[in-house]
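Each in structure tokens, the structures are laid out below.
Both complexes shown next keep subunit A, but they swap its partner, so subunit B is in the first and subunit C is in the second.
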Partner chain A sequence: MEEKLLDILEDICGDEIVKEDHDVNLVEEDLMDSLDYTELLIAIEENFGVVIAPSEVTREQMNTPNKIIGVIKSKM
Partner chain B sequence: MNILGKIKERALADPARVAFHSQAGTISYGKLWDSSDRLAAWIDDRLGDDRKPIVVYGHKSPLMLVCFLACAKSGRTYCPIDTCMSEGRVISIVETVDNPLILATEDLEIPGYFVADSSVLSGAINYDSKISEKKWNKPEDTFYIIFTSGSTGAPKGVQITDENLSRYVDWSQTVGDSADDKQGSTFLNQAPFSFDLSVMDTYTALATGCTLWGVDRMLQKDVGKMLRFMKEGNLNYWVSTPSFADMCLADPHFNSTLLPGMRQFMFCGEKLTKGTAEELMDRFPEAKVINTYGPTESTVAVTSVEITREMIAADRCLPIGQPKPGTEIRLIREDGTVAAHGGKGEIQILGDTVSPGYYMNDIKTREVFSIIDCEDGMERAYRTGDEGFFGEDGMLYYVGRIDLQVKFHGYRIELGDIENNLLKIDGVQAAAVVPKWNEDKIRYLAAFVASDNSEGGFEDRKRIRETLKTMIPEYMVPKKVSFIDRLPMTSNGKADRKRLEELV
Partner chain C sequence: MELFTDLSFFVCVAVAAIPAFVLGMKEKPIKYYGFVVTLAFVFMAMYNKPVALAYLVGFCVYEYLLIQIYLGVRAKFGRNAGWYWCFLLLSLAPLMGNKLLALTANPYHILGFLGISYMTFKGTQIVIEIYDGIIEKVSAFEFFYLLLYFPAITSGPIDRSRRFNEDLNRVIPREEYLDMVGTGLFKICLGMVYKMVIATSFYQAVLWLGTGDGIRSALIYMYAYGFYLFFDFAGYSLMAIGVSYLFGIKTPENFNKPFISKDIKEFWDRWHITLSHWFRDFIFSRLMMRFIKHKCFKSKLTGASVGFIINMGIMGLWHGLTVYYIMYGLYHGVLLAVTEIYQKKSKFYKKHKKEKWFMFVEWFITFNLVMFGFFIFSGRFTQLIGLS
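So, the complex of A and B:
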């Protein structure tokens, strides 16, 4: 799952840093805007069957690859 | 005087002078003239009333020039095909022109056609009769047909008449140094003969009594060896794409110590960047750097400008120059009207070097060619698909390909515009931006950047994106930035966009 998610993130963010540094801050580094974030939530649902409503988690809880993996795991 | 007349004059004046030299051999003006007279007679006897164009296949053999001139002297059109072309493409061109005779200086086999190979040719250049000048191409006859690599569909054969080529050469002889100053010097011949850029060096040199120094593909694979070969020729005039010069500049030995006779660099076929121009000026303080612009459909180039340090320091890209005598440039706006001075529009070329159209393709011809009633009478016109504008300095500036405009998130974006800005960023030597497609929709834009002082790590990629944000609107900033050693090139030495799109 982690590997698949990192592929998705790389595709959405357009930079391989997400695979090299799992704690990179996607928002601060300007790698993920709100359009990308919506795309990410849809991709997570399509690939892992995990539904994350934008209202139930804050962007801060989802701003690094590691945090995103954690949230998905907690819902699987 | 037309082109064959000019070459004849040089051949009679100095028959011993070398006309062409490459690793494949050497030919003098006298021999070139005599051999092509005889081969022309052989062709004419063999083909009789058949006036179809003749495919000339090969690479950098001196016999290539003999074949070109022989076709023209027999009153026929030639179609140059370089060995770098794929077999499928060679067959498609051979079938399009459909002449039973093919002249080939390198191995070629095509069922159903008679291929005059180098052994047949070496007999035919000693044929016992010579062609009469009465048979020569007339001004309105097609001198050559170059098939463009057309990004989509079947290749289009651009017909260039004797008149087009002759009026082009009248001008190209005088670009930078005068024709008299050029006489007897040595020109680099690097582009394949199937690429119109080669016309710039080949016919300018032959009409001016200069020696062509042909660099073949094998040499180009070994830069060290190639530079030694260039040194041996003590080149004076350089004609290539900027990408080819960049390849040479990657070697620190490429400078005026290696080539002390270098007087002029002439570029066409691709955007000349400030980085390339400045580096050449630094390494060759005595040489001029000249930028030119023009499509295959208008022979080779129709504008030129000598690049100055002031132009490099200015806060915009380098100009492509001012139109040559006999050429008018109009900028056509989207609604079909001519743009006011300073306004952007599609570059339309009018004048004496504009081709009569594509070979046996009236539909494609009518799409881009027209005849316009001007003050001086009717002029042929060609719409280039390039966007440009005139600066207040009177110079034409190139913006980008109109077909490189993409719609993304509702915005109309000029990929060339992003590339121009990338090139302004410190350390960026070459850049190309391509869309990442998801079926027929663009997902995002990806930039490829060549730089020799960056590792291409995350901080470098971030710096590129952040610098761009200060230069262009955020929606234009490519989401993905990748560093590569060198942009992939097409066989014509231009950035290979298809290949880059596959890399995204």
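So, the complex of A and C:
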């Protein structure tokens, strides 16, 4: 699941760095804006069956690959 | 008494904060006392307008009952879109009525009361999150406290229920509370300087130098009004957040140096943040997810552009049903769409975006676009071109 998510992130952010640094701050590094974030939520729902509403968790709770993996795991 | 304006308000806050401070220092909950203080301030602000006060009480009870009924419906029928839209519209109905009545002179001041626009956000947020299954119960105390919380009742910042409740029900360690009080007092003082000194000065410039005919006076008006708007609203927000801190609630920030933004997207992450993030989370994101899931548009960029324009158009309507507010919303919607397309498509942008001179040009253009937006918002632009 982690690998699949990293593939999704690489695709959405358009940068390999998400695979190299799992703690990279996606918002501060300009890798993910609000549009990308919605795409991520849809991809998570389609691939893992986990529904995360746009307001459910704050962006600070979802701003690195590791944190995103953590949130998905907690809801699986 | 006018909140955050009259001297008597600040004196009352200073007095009312003392017991809160004692409770905070003893690590006791401040919420029950804070609720009583909130009721007292709402009453003091509105006792001479009994009709408005009655509408306020009616509104709060209406939203509360609506939410309780929806909780029951949601538990029984699950994630049903029909019921959801029904309750969503009902939660918005008082505000829509208020805005539509404003088009007529509304001689009986129906639904006209302090803070209806801002309170609606809080009620509607709860309805949406009940639908999402994130909220499963709503306590009367927490609900009324959130809706009426006096530092933020008139003009925000717009807090969210789950965040607010976390603050309410947390024991704040003494060290941290002391820190909050210090920060809060600083914010109150800074807010006073912003609103009462700087904003007032810009307002005088608007009045004295910006009201004549001709381009020069229109330009002075545009920039002076823009800065006035920022210092007035950011000043108010700082005071509201500062007073909140004294009562143990970390009301979210509303402004973060908006005039240093390098593009319009960044601007909306820095200007009236609680409003734009509310729109982002409850309108824009949901619209985009719908567009993508149902494949409404062939290209992502077209979908995003339509999303931006609808989102900001609604924001314009929320400000009021006048030509200049709607134009202001659409203007920002179009700017966001153009920015998105430019940043995704332009090779020139991708090549130069990290260079200093390019960032300066971006900042300069953004700053002037933003100021022109305020010029529209002020109503002066539509007046100049003869639209209102």
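As a working rule, the second predicted complex is superposed on the first by the 76 of 76 C-alpha atoms of A that agree within 3 Å, B and C clash if a C-alpha of one lies under 4 Å from a C-alpha of the other, contacts with A are read in each partner's own complex, and residues count from 1 in each chain.
In the analysis below, a contact is a pair of C-beta atoms (placed from the backbone, for glycine too) under 8 Å apart; a residue touches a chain by one contact, two chains touch by 3 or more.
Model, not experiment: these values are computed from the prediction.
Residue contacts after overlaying the shared chain place A:Ser34 against subunit C, while subunit B stays out of touching range. Applying the stated contact rule after C-alpha superposition, one finds that A:Ser74 touches neither subunit B nor subunit C. In the superposition on chain A, A:Ile42 makes contact with subunit C only, not with subunit B.
Within the superposed three-chain model, A:Asp15 lies in touch with subunit B and out of touch with subunit C [touch as defined at top]. Once the two complexes are laid over each other on the shared chain, residue contacts for A:Glu56 go to subunit C alone; subunit B is not touched. The residues of subunit C lying in touch with subunit A in their complex are 125, 128-129, 132-134, 160, 265, 280-282, 284-286, 288-289, 292-293, 300, 304, 340. Looking at the complex, you find that subunit A touches subunit B at residues 13-15, 17, 20-21, 24, 29-30. Within the complex formed with subunit A, the subunit B residues making contact are 444, 446, 458, 461-462, 465-466, 478-481. On subunit A, the positions that touch subunit C within their shared complex are 33-35, 37-39, 41-42, 53-56.
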